[in-house]
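You will see two complexes here that share subunit A, one where it goes with subunit B and one where it goes with subunit C.
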Partner chain A sequence: MILNFILSGFLIITFLLVITKRITGLIRAFRAQSIFLFLYTFYQGFTQRNLELLVICGLVFALKALVIPFVLLRIVRRIKAEEDLGLIINPQLSLVIATVFAYLSYLFAHNAMPRANSPESAAFIASLTAVCIGFFLMASRMKALGQVIGLLVMENGIFLAAGAIAGGMPFFIEIALFFDIFVFVVIIEVFVYKVSRLFTHIDTSKMKSLKG
Partner chain B sequence: MMTLNNIILITGKTVLLALFAPLVSGIIKKIKNNLRMRKGPGILQPYYDIQKLFLKDEVVSKNTSWIFHAAPAIVFASCLCASFLIFMAQPGPFIKNDLAVLIAAFFVLGLGRFFLALAGLDAGSSFGGMGSSREMFISSFAEPAVFIAVFALCMGAGNSFGISRLLGGLALLMAAIAETSRIPVDNQETHLELTMVHEAMVLEYSGRSLALIELAAYIKQMLFFTVLSWYFFIPAPAGFAIICLAVALIEISVAKMRLFRVVDFLSFAFFIALLASIAAGAGF
Partner chain C sequence: MLIALIILIPVLLLILSPFVKKTRTLGVINASGYAALLVVCVLFLKTFLAKGSQAVSLWGWVYVDSLSVFFLLTTAVVSFAASLYSIGYICTEAEETKISGRKAGAYFQLFNLFCFTMLIVPLLNNLALVWIAIEMTTLISAFLVGFHNIKESIEAAWKYIIICSVGITFALLGIIFFYYTSSRDAQVKSLEWAGMLAGSGMFDPKIVKLALIFILVGYGTKAGLAPMHNWLPDAHSQALSPISGLLSGVLLKISLYAILRFVMLANLSIGYAYSARLFILFGLVSLGIAGAFILIQKDLKRLFAYSSVENIGLVSLGLGFGAFGGIFAGLLHAFNHAVTKAFMFFCAGEAVRAFRSNNMNKMQGMIKIMPFTGTAMFLGLFALVGMPPFSIFIGKLLILIAVFQGKYYLIAGLTFFFIALAFAGLLYHVSRVILGNAPQTMPAQKEPLSAKLALLFLGIFILGFGLKIPQAFLHLLENCQLLILGK
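The block that comes next holds the complex of A and B.
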């Protein structure tokens, strides 16, 4: 029951990511998705009385819902990035593609999961959809920050998939992953800042010619 | 099968719906005003308005044709007919035949909208034509979302409460906001020409015709709320209370969109509805 609410929210936010046209909107949607991920982990940890999961859900909240959106919003302010995302596929067509991804995920989960209608299966579908949509965002948004969000959404999806299939990864791997993500975002912040200083934009489709 | 008992039951439900429809609008208005720290009109105000309009004389432009006179009756009748049809579909464990009834109901509502749009054009005023064109523009995006959402509801007939119900309910709520001309899409409270859609269409009407059109709008809103309450398995009175609160909260916390952003809003509703029917097909 509660799980249904959380997973529907996760799916809706994943679709919102596809339709937003602005970088700040994209970052806020990512934050909302991370909050749903936090709720999912918290619910699992609470019902299974699993202390490790509760610690991990706290980390999810601190890192993905607070620190990373804050860092990304700060870099948007610092480089005074224009709001548009460099869409090469417009939002409506992106929604069509996202729906196709969702359908394929359902089809795949129907064949792959042992019990078709279980909540784990629903979580698996949501996670698979998020992974596909994250990759799609990376491929179709030409601004560097949009691609960063795409990668983070994929990471959210994989985290959810791990929770759905195996009940979470081993504790140390989770911690290592969080550090990985954190370092990634910090490096990206510096990197995007340098790129925007050097090129005066962060549009990756215009970076093919050499510049000294 | 349609027995006499059934007919009496459906008629009774429709009459009740028509009686309580203005009250729901009054309650939403009251919630909105109280949340904005205003006193606002009482919840019975829509009844007083309708009574006042029924007692007033009509002013009709000389340039109008029969469509202008016929439209209020047709709009009102289409809303009543749609509510008969909707109550023919039983809430709860749906059988798949109900899909036909529900789709027929929403098509009948489309008939009313068609005549209202014609009537808006009929008097030849610039506001009326603008309102009509905007209404058709918005409804051409809202209607697919409604149909697919209803489709998801009927496809997931035997399923328990799950993802498809939640997603479908959200899609229908978004479409209902557009269809009942509420804030992110349209604004009921103003006659300012930049924002108005529904109000612009009915600008030429006065007196009894306006009363009929307003009553029809209240009934249409109730129909959407009724179907919406089926998604969440909430019995009608509690369901209406929750939906009123939700709609009021949305209305006070969101700014009105530009007309061309409504396309994004409603296409999002459409694809969420599609996702809901995919989930319903997979058994969630």
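The block that comes next holds the complex of A and C.
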């Protein structure tokens, strides 16, 4: 019951990501998604009385719900970016595409998982949907930050997938992955500043000096 | 012991580099460090073969078998050459005040970090740590791609980070699928190599097939396989030339190493044939796309970048015909391509510096203004397109023999056609740069000694491996072939 609530929340937030038109809105939606990811991990850790999972859920909260959104919002403030995300595909159509992704994930999960209709399979479907939607965001949003958030959403989806189908990765691997995401965000911050200084915008569709 | 040295040398150089103020001294120290690294790797190969190529595992973190040794050796050779070439390259850049002294120091630190991450990939025991190390290679080398902080290079670096990170995220999904089936079906709850390999017979074939597609698309992005190669020409053409050599020569192969590990895991549950079909598909697409783009290129370094796509396609094709000796041929070609492509990028770096442009229409008569580098590039061109007696010829020939032995005549025909396209394109474009009349106003250019030495060093491999491949190396390749086929 509680798990269903958490997973529905995760999925709804994932859909919310594709209809957002503004950069700060997207960052906040990402933060909300991370909070549901935290709740999922916390629930698993709490019911299984698993200390490692509780440590990991603490890290999810600290990194994905606090640090990364903070860094991203700071970037937006510092470069004074326009709020518009530069949608190549409008929100209505994006929503239709996202629904198709969810349905495909459902079919895929039923084929790959032996036990359908279990909480694990529901989590797996939600995670695959998040991976697809993250990828879709990267392809259909022109602003550099939109691409970065798309990638982070994919990462969230993969994190949920690992928890759903394999009961989480080995402990120190999870820690190493967190470290990797952290380094990624720090380096991306440096590069976003460089892009905005040199190009005076962060619109990747206008970066066209290299061709062929 | 020797393995500890391999890991320690780049770390020591990294710690040392902020304390040396003079750029040239720093470069020389760096190059001697990598010379030592190469010697250590060769010594390690000797002891490894003397002990009958038994896999070594150490401290629970390190696992070394023939495949690791092969990739380690390739990395060591190319990174030594790149460190040697860096001395002259960075000093000249500093003299021309393109970069400041502090930035030159930063270059050597990044260089060492980059080499360190590439060197630990083949050593790591845990497949998830391999993934992290490969992601780190992207994040670190992005700084080397965007080193000049101009529009083009930052654009290339941005594309490089984003595309490769997405690719590698797909690979992570593939790893999770592997972990899922290994923990559910084989009860192996870790991602350590030996355990996973032992349990790999019990993996669920359906999930392994799915996972392998994610792995191949994911790491394939980083390996430069088309159609996920879009980042490659940008990053390779905008990176500093020593780094272009490292990117083309080693980084692409390091991703290939990760793919091969998962192919080995898949062998026992679904057989080699499935992986082989995927390799052939990606190989042919890469060859075709690269062939077309080579013909229409205007930028010298982009030309060589597309040639890397072509060659990685050939390697992949060879791996696809693994049942007919293609793995041996593919790996041999991977090594030969690594040294030859690094050689060509070093020459191209000198040419670009002299003409102050990447555009081949503005470059002519290189042999007149830089006799040594021009001649080297001319010979290297023949090596690259696959003329005897140079080493790439042998690798290409063996790959084609494998394709013919598989009796896939259509694929063989297509391969010939695509190779011919690349042959014609490369020969036409590069010979125009080398020959012809140099601009009247252009004085003869200085050719740094370290660049000459780096070219000579790589030249030994290009010519030497074409004439006679050392017994130890052949032995290593045969072991790799047996390992990958799971025999």
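Keep this in mind: the second predicted complex is superposed on the first by the 209 of 212 C-alpha atoms of A that agree within 3 Å, B and C clash if a C-alpha of one lies under 4 Å from a C-alpha of the other, contacts with A are read in each partner's own complex, and residues count from 1 in each chain.
In this text, contacts are C-beta pairs under 8 Å (C-beta built on N, C-alpha and C of every residue); 3 or more make two chains touch, one makes a residue touch a chain.
Since we're looking at a predicted model, the values are computed, not measured.
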Partners on subunit A (subunit B, subunit C) - clash or fit: fit
First (subunit B), second (subunit C), both or neither touched by A:E155: second
Partner chain in contact with A:Q147 - subunit B first, subunit C second, else both or neither: second
Partner chain in contact with A:L59 - subunit B first, subunit C second, else both or neither: neither
Which of subunit B and subunit C A:V195 touches, first, second, both or neither: second
Contacts of A:H110 with subunit B and subunit C, given as first, second, both or neither: first
Partner chain in contact with A:I173 - subunit B first, subunit C second, else both or neither: second
Partner contacting more residues of subunit A (subunit B vs subunit C): C
Contacts of A:A122 with subunit B and subunit C, given as first, second, both or neither: first
Which superposed partner A:V76 touches (first subunit B, second subunit C, both, neither): neither
Overlay on shared chain A, then closest C-alpha pair between subunit B and subunit C (Å): 21
Contact residues common to both interfaces of subunit A (with subunit B and with subunit C): none
Footprint of subunit C on subunit A - complex, ascending: 111-112, 131, 135, 138, 144, 147-148, 151, 154-155, 158, 161-162, 165-167, 169-170, 173, 176-177, 179-180, 183-184, 187-188, 191, 194-195, 198-199, 204, 207, 209-210, 212
Subunit B-facing residues of subunit A, complex: 1, 4-5, 7-8, 11-12, 15-16, 19, 21, 91-92, 95-96, 98-99, 102-103, 106, 109-110, 116-117, 122, 125
Residue ranges of subunit B in contact with subunit A within the complex: 161-163, 166-167, 170, 263-264, 267-268, 271-272, 274-275, 278-279, 281-284
Contact footprint of subunit A on subunit C as seen in their complex: 126, 128-129, 132, 135-136, 139, 142-143, 146, 149-152, 154-159, 161-162, 165-166, 169, 172-173, 176-177, 179-180, 183-184, 189-191, 206-207, 210, 233-234, 237-238, 293, 296-299, 302
